[in-house]
Structure formats: structure tokens, C-alpha cells
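So, here's a batch of structures to check.
Same chain, two partners: subunit A is paired with subunit B first, then with subunit C.
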Partner chain A sequence: MIALSAIRTRPTSYVSGLLIAIIAIAAVFAPLIAPTDPYALATVSILDGRLAPGGEMLDGTIAWLGTDGAGRDVLSAILYGLRTSLTVAISSAAIALTIGLIVGLTAAFYGGRLDTILMRVVDIQLSFPAILVALVLLALLGKGIDKVIIALAIVQWALYARTVRAAAMVERRKEYFEAVTCLELSNTRIIWRHLLPNSVSSLIVLATLQTAHSISIEATLSFLGVGVPITEPSLGSLIANGFDYILSGAYWITFFPGAMLLATVAAINIFGDQLREIINPRLAK
Partner chain B sequence: MFAFVLRRGMQSVVVLFVMSLIVFSMINLVGDPVDMLVNPESLPDEIERVRRDFGLDQPVYVQYWKFLTGALSGDLGNSFVFGRPALTLMAERFPATLELAICALIIAVTIGLPLGVYAGLRPDGLGARFIMGLSVLGISIPTFWLGLMMIIVFSVILGWLPVSGRGETAVFLGIESSMFTLDGLKHLAMPATNLALFKIAMVMRLARAGTNEVMAQDFIRFARAKGLSSRRIVRAHLMPNILIPIVTVVGIEFGTLIAFATVTESIFAWPGLGKLVIDAIVNLDRPIVVAYLLFVVALFLVLNLVVDIIYAVLDPRVRLQGDEE
Partner chain C sequence: MTKSILNPRGFLSALAVGFAFSTSPLMAADLTVALAAEPTSMDPHYQNLTINNSMATQVYDALVLQDVNQKLIPGLAVSWTPVDDRTWEFKLRPGVKFHNGAAFAAEDVVATMKRAANVPNSPSSFGTFIKGKTFEVVDDLTLRVSTKKPYPFTPNDMSRIAIIDSAFVDATTEDFNTGKASFGTGPFTFSKWLPGDVLKLTRNEAYWGKAMEWDSVTVRPIGDGTTRSAALIAGDVDFIERVAPSDLPNLEKRSGVTIFKSVSNRLLYLTLHMTDEPIKPYVTGHDGKPIVSPFRDIRVRQAVSLAIHRQAIADRVMDGLSAPAGQFSPKGYIGYSANLTPDGYDPKRAKELLAEAGYKDGFKLTIHGPAGRYSNDTRILEAIAQMLSRIGIETSVETMPASVFFKRFSRGGPNKTPEFTVAMSGYANGSGEPSHPLRIFIHTKQKARGYGPGNRNGYSNAKVDKLIEDGRASMDIAVGEKAFIQATDIAMREYALVPIHHEIATWAARDGITYEHGALDSTFIHNVRAKK
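Entry: the complex of A and B
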């Protein structure tokens, strides 16, 4: 509740939050908002190909952001692409968060050898850049949306695990935790009912920033041709698609999907930064 | 110290071995490289012959054993596509990637450092706020997309810079590089700047944070009281103190630059390691993928070890694991 009223009084967080909400709504209701269905083969005509922004398509619809090489409306393609991008980012974040929570809490609660081994694995994984790990995983797993989600989840879990563990270690030293241990509750109950709720708040900011990061990684992978399949293009695949046309001057096919990607990632990043300052005001100065 | 290096060295060998095992067994589950190599109209017995020639008809553990014994004598197998040793191919491509990464690093430091120090000296000024806003943008902006936009602006519209390739190279002091010819520099400009962008934002943030911290210290106040000019304070008292952490972080990040080069190289058709491996992934050229992975893992293990040792040397309070006993 405190956080909510803090958001209202900070214009930057308000604006970025609003932008995220608009983008999310546009993605969810893409089929209703989009002027055309970019993947309905019956209505897409090659004769509409490479129309400049504002051009009129054969059926009379105005292509505000132009059309791509195959005659698809760029605006509609972006709205549909946004859905794929967000689906991948959010589901991979959810999976990574779950794994990270389980590993982090287990390590903090049991400590000792188990903790050492788990954290060593986390350290080793975090010493490699995310994009590289994702690239490697996709080389090993093959193509497909599910594969991209798995790869991104594996890329992110270690960061969550480390953060949760650090928060849980702090909780363990508090008095209530001593009291709970004295009550002889089962380990699972202590972990899930006491350790989890108290450690989870540290993850809110991380999860926000990580979502932006994974949208970016997914786009990069799809651009390289190892990400989501061409049948369900994300913003990254749309940019890759436009890559073939930039030398002929048809900039809009790559420009607009990229601008959308930038707006999404920047809005989430700024919102995450604001959230961090609200939750931990000492960092602001 | 010796115990630490020995222990980490052994740990690295184990990590490399486990990685090779995982990579090798998993990569054999993806696709069939023979499909990519033969003409789709080939006869079945011809396909079988290709499969036998590459040893792909044998069970995975036999293939792995062959690979492992080869690897121990420095042979990581032949590329399916090029028919030449994977290590040789990588060694040929590596200088181009190294050159790109080094140029990117130089650009990142020369641009990021002054901007960051400026923002740190006047944290509430308009310029500082603008710079920090730019750094948020720099972190959010998709690098590959910016690369494409650079091509549109500098190659398509203005026609100043070439779109792809490495250009002319020249040999200077025994090193062959594009840095020594005008044509090469033109080819290098866009990819290197593109690769540097992410790091510029990082160097900027580090420099700003360092400046903030150091300027609040007593010795700076003393230098001011002595009547030194701001210029001299920045040069003689601020810089040496913020440079150590920046150099360390930039050193660690060098590995990341090599990893990120895969993206930049694909955009600008830069004939480096990254392009080689992306093509190999798409073509299911397994030996190259495996060799690249092991190379990168080894590179990062070494970089991390070196950084840990440097930390311990620079700051005696840091105790290395394995030294305690």
C-alpha cells in the first residue's frame, strides 16, 4: 500500500508504469486492436509489399507504419510480435523465479555442504554472460518457443537463487525465526510459511529488471535466427525480417519493431529503478 | 596462493570435462547434420556413406570417447562443413574478434570515463542528469537494433561507411589488423562502436559512482584547502583512485565483449569467431559448436582466476579460498 501511494507521487514511476500497462493491454488484445491479421494467408497480399508508412493497402486499410516485404501491415505484426515477446519473457521469469526460490531457500535453510555446492554452481553459471549461455542452450535444445523459454529460465534462475539466499540468511538471524524453530514445526512449514514470505520482497525489483533483460535476450536470439520460429515472430524476428530490406531503404520494417522493443525494455527498466528507490530509499541518494 | 591456484586449476579441469560431456551428449539430440550436408536428392546408400565417413553411425559414447582422446592430444575434430580442423578454423578467425573487442574497449573507456567523471563532479547539474538519462537508454537499447539503425544512417543515407566485412588489412609489428589501413578503419568503425555502446554505459556508471565516493574523502578536501586547481585534483588525486576498480571490471568484462561479438559480427558480417559459431549452430556443424563452447568456457575460467588473483594482490584483506588452512 505504501508502495502504491509512493508510485502516485513520483511522476517518473507513474509514467513508466502507465506505459507498461498500455503495452501489456495492447499485447493481450492484439487480435482486437490490430487493423489486419498479419498471419492470415488469405488476406495478406504480396502486392502490398514494402508500402511506406501511411500508404494505403489494396483493401483500403491504411498501413500507418508501412508494410513488410510480404505485404503484412507492420503495426499489426508489432502488436502480435509483442505478445510472443512478452509471453516468452514472463513465463521464463516465472519458471526461473520458482527454481531460484526453491534453490535459494534450501541453501539458506540447510546451509553446510549443500549450501556450498549449490552456491558454487550459481557462481560458475553467473561467471558466464547470459546471452552466451542462452545461445549455447539453444544450440543444444533446438528451435521452438518452449525451448527459448527453457533456455531463458535456465539463464536466470541463478540470479534469483543468490538473491533469495542472501535475503533468507538475514531472516534466519532474526528473533522470530528462532521462535519458529523452537516450536518444532516441520522444515517444509518453516520454509514455506515463514522464510518464503519474508524473503520474497527482495525479489520484486530483480524480477522486474530481469523481465526487461529477458525480453532483450529473446529479441537478440530471435534476430540471430536461433530463437522463436518464424511462424510465431517476436519483435526480434520482425527486426531480423527487416534486416534484408534496409539496404534498399525500407527502414520502417526494422525501425518500428525496434522502437517498440526499446520502449518496452526502457519502460520496465525505469519502473524497476523507481521501485528499487521506493522500497529502499537509502539508495536514492 | 599456490594451493589456491592449484585447487582452482583442478576445479577448472573438472568443469571443462563436465561441460564437454553435457554439450556432447545434448548436441547429438538436435537435428541430423547429415541432412544439412548431402544433396536432398542423394540416394540412401550415399547418405549412409556420408554418415559413416563422419562417424555419425556409431553410438554417442563411442563418438564421445573418440572426441575425448582426440581432445587430450589437441585435436577437437574436423568441421563437417569445411572439412578442416575446428581448432585451426577458430584460430584463423580469432584475431578478427580480438581486434573488434579491443577497439570496442578503447572506445568505451575514452567516451565513458570522461562523461562519468563529469557527471560525478556535478551530480545535480543538468549535464549530469542528461548523461545519466542516456546511460539508462544505453542499457535498455537493443544493441543489434542500434547496429541496424547505424547501417541505415551511416551507410544507406549518408553513404560514409561500408556495411560489411573487415576491409583491407595490413601487417604492422607482426600483427595483421584492419586498424592499420584507412579502409580497414572505415570497416571497423561501426562494428566497434556498436559493440562498445553497452560498455560505455557501464564505464560511465562506474566512473560516476567512483568519483562521488572519492570526492567526499578527506584527502580531496585537504587538496582543495592547499589551493590546488580543480584540474590538478581530478588528474592527480581523483583519477588514480577511481581507475583501479574500473580497470578490474573492464578486465572481467572483456570476456563478455567476446561473447557479445557474436551479435555484432552477425550484423556487420565481420569474419570473426562469433560469425563462425552462429553459422555452425544453424548448419548443425557440431565439431565447431563443441570446440567454440570449450574455448569460451576455458577463456572465462582463466579470466575469472586471473581476476581473483589480481584482487588478492591489490587488496591483501581478500583471502583466497584454500589459503585458510
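Entry: the complex of A and C
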């Protein structure tokens, strides 16, 4: 509740939060808001391809942000693409968070050899660039939204594990922890009822920032052509689609999805930063 | 420091240069060409690769040459005739000298064949054109080539082998790369080759054919299309191949630049799995359960063809750089049948055909194709998916890197059978042998006999098979051609494949240069001529 009132007193967090809310609503209700269904191949026509913003499509719909090379209305494609991008980012963050939480808490609580082994695995995982690992995984797994989610979860879990472990190690040295240990409560109970709630705050911030990060990674993967199927473009594949046409003047295919991607990632990042300051007031200047 | 134009002598020379350019823009007879790729070697027998062969043609001649439409024309042989069912006789050109001054004779051909079939570490050997043939020297200017069975394509095969001086029969690939052994009979002599940088050629003053206008030719590899165009505009190069589609409108508008376009023999096609077995996961009912391939029925295949709006693909996806196709060969090219025209766009008839075949409600289909192998390949697949969805075939697209695609395309299924139900691929007849596409893609698959290795959809028609085999067994080329055209007509009308389009190849040059081009999308420098 303190956090909520703190959000209200900070205009930056208020604005970025609002922007995230609008983007989320647009994504969730895309099928209702979007003028056309960009994934319905039976209605999308290449004869509508590369219309300039404001152009009229064959069925009479006005393409306010133009159409892409395949004849999809860019506005509709952005709304649907946003859905894909957010689904991928949020699901992969949730999976990675869960794995990271379990590994991190286990390592911190039991310590010793188990801790060493788990943290070396984390070290190895973190030493590879995320995009490289994701590329290799997708090359092995094949195309599809589910596969992108798996790949991104595998790329990210280690970061969560490392963060949770650090926070939990600090908690372990506190007096209340000695108290619960003396009470001879079961390990599971100590971990879930005491260690977890006290270590989770830094994780919330990390999760927010990582969601933005995984939107960018997904966009990069789709841009490189290994992400989602070409008939169901995400923001990244829309940008890639338009990239070839930039020199011939059809800027809108890349520009609008790019602007949307920027706005989404920036809003989440700013919100995450604000959240960090609220949760950890020592960081505030 | 550049000379000031105010300096009287500088002014005069500037005027003189200006004057010279205005009267004859080709005073300097040095040609600089930028190509998209560079050869892997300048050894003409190292690797059977388009770019290597096109470079080799400049320095070396074959017994038989090919014109821009791969029609056979005399080269180091002035004529070739069958003397019996299994033997061809080549009359060789008299008075020809290699670049090192050695005289050309039948012995050189025999020596060449020995080397060309046995180059160490060759990634793709020329041996296929040579093995199974016996070479017999009758006299210095007469050569007989015999095969075990009647084989009408010996002259075609001979057009693939660059003839070298017999003195260099044991020369290494390195010797040909450095120029130590690079003595041919072609229009240019080899000067030097710095891989990744430049290939320099000089005019062969003693060339037996029409002399080249250029004193020297510089060939530079520039991989990026936009960079090639920029180099042409800046005047760094005189001639480029493969203009990037995005640069084309810009270059066409520009004065001082000429664009050359021609419909190439590179065909993009769909192959439709047309047997009952095996049932593949890529075609299902609306409930998602795999069904027996609907493409067994010719009406469904025809529906697919009629659903494809080829002109829209040409205009919207290819930016005008493709021509709708109805068969393997473009017009004017070997094997072209005048009886066939590309199918028009008729979605209404396509729906009727589907209904007649019992698929009134359509079905679900996944089509496969390579990403980045052919010009705009993924976009074409996407457009085709749209068009098929429109007639009720609910289509999704799966693309993959070319190396993965071709592996799965040929043997990704159970027991190393072809994996896909519907796939898009490309074909260009590199050898110029007219029965090649029929033998590879159309004939019933008979691995041991070398028939149908590319027949991945199970098409089989005994009449077509017989026509192909008879044509290939007749030493009379005219009889063969007739049989091949007949086979093409039947196979295309039965949709053994669904042709989509032929790509249009492009070149650009500064004014004053002309380029003779045909159905081949590779570049031949000896066809770059000064405009009269």
C-alpha cells in the first residue's frame, strides 16, 4: 500500500504506468479494436501491398498507418504483433522467474556443495550472450511462439536465480531467520513462508526490466527470421518486413512498429526503474 | 593537387578531355566489371560452379560453346556429327593457338579430359561429363567420342569442359590460380587474380573469334547489391550484374546508365505430393487429423495453379522482376513448348474444381520453403498462402534456412523419403541439356538408372517416361527435342509441378556499353561490348 501511494506521488511512474496500461489493453482487446485481422490469410491480399498511410484497401478499409509488403494493415498488424510480443515476453519471464526462484532459494538455503554446483551452472549460462543462446535453441527447436517462449525462458532463468540467491543469502544472516531455524520448522515451510517473501522484492524489479529485455530479444530474433511464423508477425518481424522497403521510400512498414516497440520497451523500463526506487528507498537520491 | 582550371594548360587539357569524352566515350578501352560473387578458383576444372564456369569461359574455350540461350555453337570444334549409334565425330578448328603460343590439336582434348575428371579435392567434379566416354584421336584435327549406349548429349557435355594445353595436364589447381598454367584459347588472357580483390584479364590478340574491344578487363567482386549500384553511379565500375530491386527505379531514371533485363531460366515452382502413401502431417482436415494427400486428384492440383495470381506476385512481390511461367523453359530457351501458356488467375474455377474433387470445405495445409535462397522466397510463400486460403485451403507457411530446407525436402521423411506435402523450390538448367529437367523431376523415380532423383512428389506417367527415354536414346537431336516437348506438354498439363515464375535477371552499364543477354542469369564478360 505504501508502494501504491508512492506511485501516485511520482509523475514519471504514473505516466509510464498509464502507458503500459494502455498498451496492455490495446494488446488484449486487439481483435476488437483492430480494423482488420492481419492473420486471416483469406482476407489479406498482396494486391493491397505497400499502401501509403491513409490509403484505401480493396475492401474499402482505410489503412491509417499504411500496409506492409504482404498487404496487411500496419495498424492492425501492430496491435496483433504487440499481443505476440507481450505474450512471449510475459510468459517467458514468468517461466524463467519460477525456475530462477526455485534454483536460487534452494542454493541459498542449503548452501554447500549444492550451492556451488548450481551457481557454477548459472555462471556458465550467464557467460553466453543471450541472443546467441536463443538463436542456437531456436535453430534446434524450430519455429513457433511456444518455442520462442521456451528459448527465452532458458536464456533468462539464470539471472533470476543469481538475484534471488543474493537476496536470500542476506536474509539468512538476519536474526529472525535464526529464530525460525530454532523453531525446527520444516525446510519447505521456512523457504516458502519466510525466505521467499523477504527475498522477492528485488525480483519484482528485475522481472519488470527483464520483460522489456525479452521483448527486445524476441524482436531481434524475429528480425533475424528465426522467431514467430512469417504469416503471424510480431513487432520484430514487422520491422524486418519493412526493412527492405525503406530505401524505396515505404518507411511506414518499419517506422510505426519500431515506434511502438520503442514506446513499449521504454515505458516498461522507466516503470521498472521507478519501482526499484520505491521498493528500495536507499537508491533514491 | 589537381590542376587549376584557370591555369592555361590545365584548362586546355580539361577541354581536350571533355572533347574526347563527348565524341567517343570509349576512348579508354579498359573495362571494369563488378560481379556479385567471385570464383572459388581460376582452375577451370576445379569446381563445376556457375561463377567459376563463367570466368573460365573468358580464358578457355570448350569444343562446343553455348550462346546466351544455351544453344550449342561451334567453339574449338567447327562441327560435330554422329558417325554411328554410339560415336560422335568432332572436327577441330585449325590454326588455333594457346595463349603461350602452343598449337591446339586433338591431343590437347584427350589430355584435358584426363585432368578434368581427376582434379584432387574438387567439391563438384566435372567427371560426370567425362566418365563413360572414350576419346580417340583420328588425326590432329579429328576426334571421336564414343559411349557404351546411344547418347545424343555428348556435344552438350563437351560444352562443359574447358580445353587446356596438354603441357599442363599435371598442373595443380594452384598453378591455374597463379597464372603459371593459365593458358587457354579464349578471348582474354589471364593476367592476375587476387582472391577477394580483383581478377585482371588482357585481350587475346590472336583470338580465333571476333576480337574484343577491351584492352584489359578488371573484375571486382562486390557482394552487396546497393554497393554495386553505387560503384556504377560513382564511375568506379562500368558494368554490374544483379541490380538490387530497390535500386532499379532509381537507376532506370538516371541518365548515363543503361539497364538490361531478361527472363532467366530460373524457375520457381511448387511441388505437390500426389501419392496415397505415406500420409504426411502437413495436410489435415479442419479437425487437425492428417488426411490422404488431396493432390492425388489432378483437379485439386489444377485448383492450386488457378488460385495463384502469378501477375500479382510479379507486380507486387517481385517489383516486376519475374515473368509468370507455365513450364521449365522461358520462351526462346531450349526445350520451350509453344503449346503451353502460364495458367491465368481464376479463383472461382479453382473453388469449383475443389468442390468437384470432394473438397468443398477445403482442408488445412502447411507449405514449406527456403528462406533467402531465391529472390523474395518467403514473401512469395506468404502470397501463395494468402491465395490458397482464399479458395478454402487454410494454409500456413513454414520457412527455414536453405541448407535445412533442402535436406528435409529430399529426405526428411520416414525412411529418408521427401518430407513435405507442398514445397516451393527453384530450378535452373545449368547444363543446357534439354532433357535435364524431365529426367530429374518428371520421370518416375528410378534411382539405379539415374531417373527421377528430383522427383519428390511421386508423379509417374508411363507415357511420359517412355518419351523421355526414347528421346534420350536417339542420336537425332531433332527427334529428341520433339519427344521432350511432347513429354513436357503432358507433364505440365497433369501438374507434375506447378510453375510459378521465371526470375528476371538484370544488369546495368554506363552508356556506350551493350550487353548481349539471354536466359542465363550468370554474367559473361565477353558479351559486354562497346556500343557502335
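Going forward, the second predicted complex is superposed on the first by the 283 of 285 C-alpha atoms of A that agree within 3 Å, B and C clash if a C-alpha of one lies under 4 Å from a C-alpha of the other, contacts with A are read in each partner's own complex, and residues count from 1 in each chain.
Throughout what follows, a residue touches a chain if its C-beta (ideal position, glycine included) is under 8 Å from a C-beta of that chain, and two chains touch if they have at least 3 such contacts.
Predicted model only: the values in this text are computed from it and were never measured.
After superposition on subunit A, the partners subunit B and subunit C are seen to clash.
By the touch criterion defined above, A:L262 lies against subunit B but remains apart from subunit C after alignment on the C-alpha atoms of chain A. In the superposition on chain A, contact of A:P35 is made with neither subunit B nor subunit C.
Once chain A of one complex is fitted onto chain A of the other, the partner contacts of A:A212 are limited to subunit B, with no touch recorded for subunit C. In the superposed model, A:G225 makes contact with both subunit B and subunit C. In the overlay built on the shared chain, the residue A:D273 is in contact with subunit B alone; subunit C does not reach it. Considering which of subunit B and subunit C touches more of subunit A, the answer is B. In the superposition on chain A, contact of A:P53 is made with neither subunit B nor subunit C. Superposing on chain A, the segment of subunit B with clashing C-alpha atoms against subunit C, chosen from 37-45, 145-153, 271-279 or 307-315, turns out to be 37-45. For the contact definition in use here, the residues of subunit A common to its subunit B contact set and its subunit C contact set are 142, 225, 247.
Here subunit A touches subunit C in the complex through residues 40-42, 44-47, 49-50, 69-71, 142-143, 225, 229-231, 244-245, 247-248, going by the rule given at the top. Within the complex formed with subunit A, the residues of subunit B that make contact are 15, 23, 26-27, 29-31, 136-137, 139-145, 148-149, 151-152, 155-156, 163, 255-256, 259-260, 262-263, 266-267, 278, 281-282, 289, 293, 296-297, 300, 304.
Residues 124, 127-129, 131-132, 135-136, 138-142, 212, 216, 219-220, 223-226, 236, 239, 242-243, 246-247, 249, 251, 254-255, 258, 261-262, 265-266, 269-270, 273 of subunit A touch subunit B in their complex.
Interface residues of subunit C facing subunit A in the complex, by the touch rule stated above, are 226, 246-247, 249, 309, 312-313, 316-317, 371-372, 378-379, 381-383, 385-386, 389-390, 394-400.
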